[in-house]
């Protein structure tokens, strides 16, 4: 699960998807074997609905990633594959966006530091200045980028600049209370994870805990998902719930909800960073 | 939790609600003490939103229920109370409505027999004849009441007849696939529990598991609730979830869902039968 | 997860384990590809501690199982493999042993009938006659085999006779309150699943719920495991827990415990019957 | 659940226990009514085994705590009560002991700051200097008190000094890797909460995660409990578990275990600080 540190450059993780047909695993495994690869963990799944095949394989090989890459490219053409090769446990360059709520940022930063969450937190971007001390404590550069109706376009341009300058691979919306523009969502598609403070598709939109309280629910939940143009409808990566009862006021639901939110988000970020999440239309394949 | 059997007629359970104001507990506890009552378990809750006070108390008293009742009536007038007094563990006369799915009926009947679920299953009513053998096995009279558009009114009249003839206190819709008329819902309000095969308010309406699969959710749930005119919107008693993943086909979700459904329904029926559920507008107070 | 019924004879499941080394997956997948096989689901795991490699693969092939078997045998020699090939969803011939507690038998029989649990319940064997009506209801032949100190050897001989006569592949101890002899355990090793009414390794031995109550635990659990000579120490397949509190008497713990027991047992039996459980010393690999 | 801040001095919480007999609730509620008290939340429980009665009641009264105290004292004599009166939500003066693991300290400090966990963290005491920066970040005075066999008595004396100087009401052993002496345990009995990194009573003693991995368990857990002389045997306040599988190495279990540990500990500390935990011999009553 959690990568051992420091990272071993001969331990590789390959993920791929392609139209399903006989011989894919044989071809991939054969290629890896030719390179002296030893498979340490692997999972495959064929989705009968989409007709797509998904594979994740961890392999140790002394031949090195570059030699592999060339042969994989040839295979990819033959099988119409989308694929990716990375070093197991290499920290993903990650930018975290927050507003004023600290629980998700604190949780991610703490897990990065103490639990080997394989991310490199290269920036915190916020439309408020509130969480600067926390970013300082964790030694993460903090960028205050205020957002108003008038400055929204400029703020998004600044974000994109940071993404490029810092070579950001993953953007985490850790209770960032601004809606990203459709264009930005499209440009970063598959690279932005949001934590929605509700058990989607219930209680979309504003104040879900107030809605949940009003409805008298007995469980509250949170949903971590990729961001697409349609804000609360992106592919779900992880969901979790917590039991509540009549004695919980709205502010209690919020406090309990923060626990569920940070748990679900941390799992989603870990699985994404470990290349365990593959996209299957509007659904995800999660090879845990 | 579960009542010890056989039932002890001097062990009583009192539930009440009334507008909140000082002195309620003192008055009730004082009255019980005058009758030599010893409180074995009790819970109170004042809802700051509705301004209502709720109380459930179990008490042993040699004076007997009838003597208590008279004094309670006087108290009820003074505090504008709604109240109910019953013997702890007295089985509630219960009618179960089913269509063709057996899991909830089997579960309730089995728990009644082997786990002291305090209900007396006096009838199974079904619009199909499929579950007759199961009812026979558990020695529960089975009534086949077919429903078509033309006979719906007659079928509901037959149901009401049975409710009266059999002195039914609780009706359980155990995956009964017909919608009750608004009028019937009103007449039986507070006495009908439904199990909804979804985590309400998500995926209301038909085929929730197909909807859930299509959306790629990572948890599926079920909701047990009282039936009101608005079918899927009655006060929630209990909810539960089960973890699922991309490898689960719709029929797997259905099978896993049946587990969650029967679990949530069994808890809701137990808590109702033990007089642990009080109504607070469209929410419930559950004194577990 | 659950197999679709009826069974499709061209959909096969192969499980294998062998000393870990490069080329295993390539060899297996290559062989399957030569037979026109299309992999629908697959998982691999290399245990760094034991040095063993484990694989489970589901494959559709028109070539048929017999042709595959021959080539697999050759591969097995080369890689020192233990392997097994079966048809996906073929019901495992299963014998259930019970004493007087009905919940596990009822649960397994109900799931077999309504949830496609892939077992064929060919016999219920009991040292009491109490559960005969339930076996009758589910149309499972019931064998009353009383056990006393004097007749224990004869009773075990009778059990072995039944196992052979009925071609039994799996024995489930569904709250069977007799201890099997070491010799019997050895003869049926890997084919007997027990449900232990405790969260092992806590509270081994007799009356675990009384022990748990006395200790004031806040969770109770159950453990499904393979039986070895050392009764409560066999490889664990599945565990689950339920939350409890101070208000639960021992009999409440027992009732709640029955729920956990049947849930954990049903999962373990399903995973075993779907060939998802592989043995790794005293641990299990569960490819869910 | 969580107290609203700032604290309202007329909102009181009374906890009590005494030998069970008729009239206790009537007497207490009567007394509160005489003081114009309005009960907002209350729970009672009579333990049939110990013969003790337990009560927790939240009440608003303009009369103030001092007037109540006098009358309660008289009542306490009459019923042989142990009792305590406090202001709802008043932060408990709390000292946290740590060694090098940061997750529990970080979690408690973060919840204190952002979730209204009703504690006032007056000191962090550690036998190492590692967590000083974290204490600094949260503005909690840090005391480095090294412990060797030779200095253990002096170190405990220093701890007691701090407890007295700082008027400490609660000591939390947040993964403090030193065993307290029996004498210290006795002196602070009922005021020290420990988080045990195991699902007690399983895997007592050292390296529980390695034990759990070796045994191949499918769930790992943690236990928050009061400290008594017998280290891992004090009254349990809360337990929780997390699902694991064969792919988790020991270090993964440790990481997942940290999540369970901090969750169970945070709940235990909250319930203690909210006066929801009462002692019943070696068990606890938790009025959640």
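Lettered A, B, C and D in written order, each chain numbered from 1.
In this section, a contact is a pair of C-beta atoms (placed from the backbone, for glycine too) under 8 Å apart; a residue touches a chain by one contact, two chains touch by 3 or more.
Bear in mind that the values here come from a model prediction, so they are computed numbers and not experimental data.
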- Message: With centres defined by CA atoms only, which chain is the most remote from chain D?
- Response: C
- Check B-D against B-C and say which one is joined by more contacting C-beta pairs. B-D
- Item | Chain centre separation (chain B, chain C; CA means) in Å | 36
- chain C and chain D, separation of their C-alpha mean positions in angstrom: 41
- Task: Give the residues of chain B that touch two or more other chains, as numbers and ranges in rising order.
- Result: 41, 45, 48, 247, 249
- Task: Mind listing the chain D positions that touch chain C in their complex?
- Result: 45, 47-48, 199-203, 215-219, 221, 235-241, 245-247, 249, 280, 282-286, 288
- Which of the residues in chain D end up touching chain A in this complex? 1-2, 4, 41, 102-103, 106, 110, 114-116, 133, 137, 247-249, 251-252, 255-256, 258-259, 263
- Query: Within the complex, which stretch of chain C touches chain A?
  - Reply: 20-30, 32-33, 36-46, 48, 53
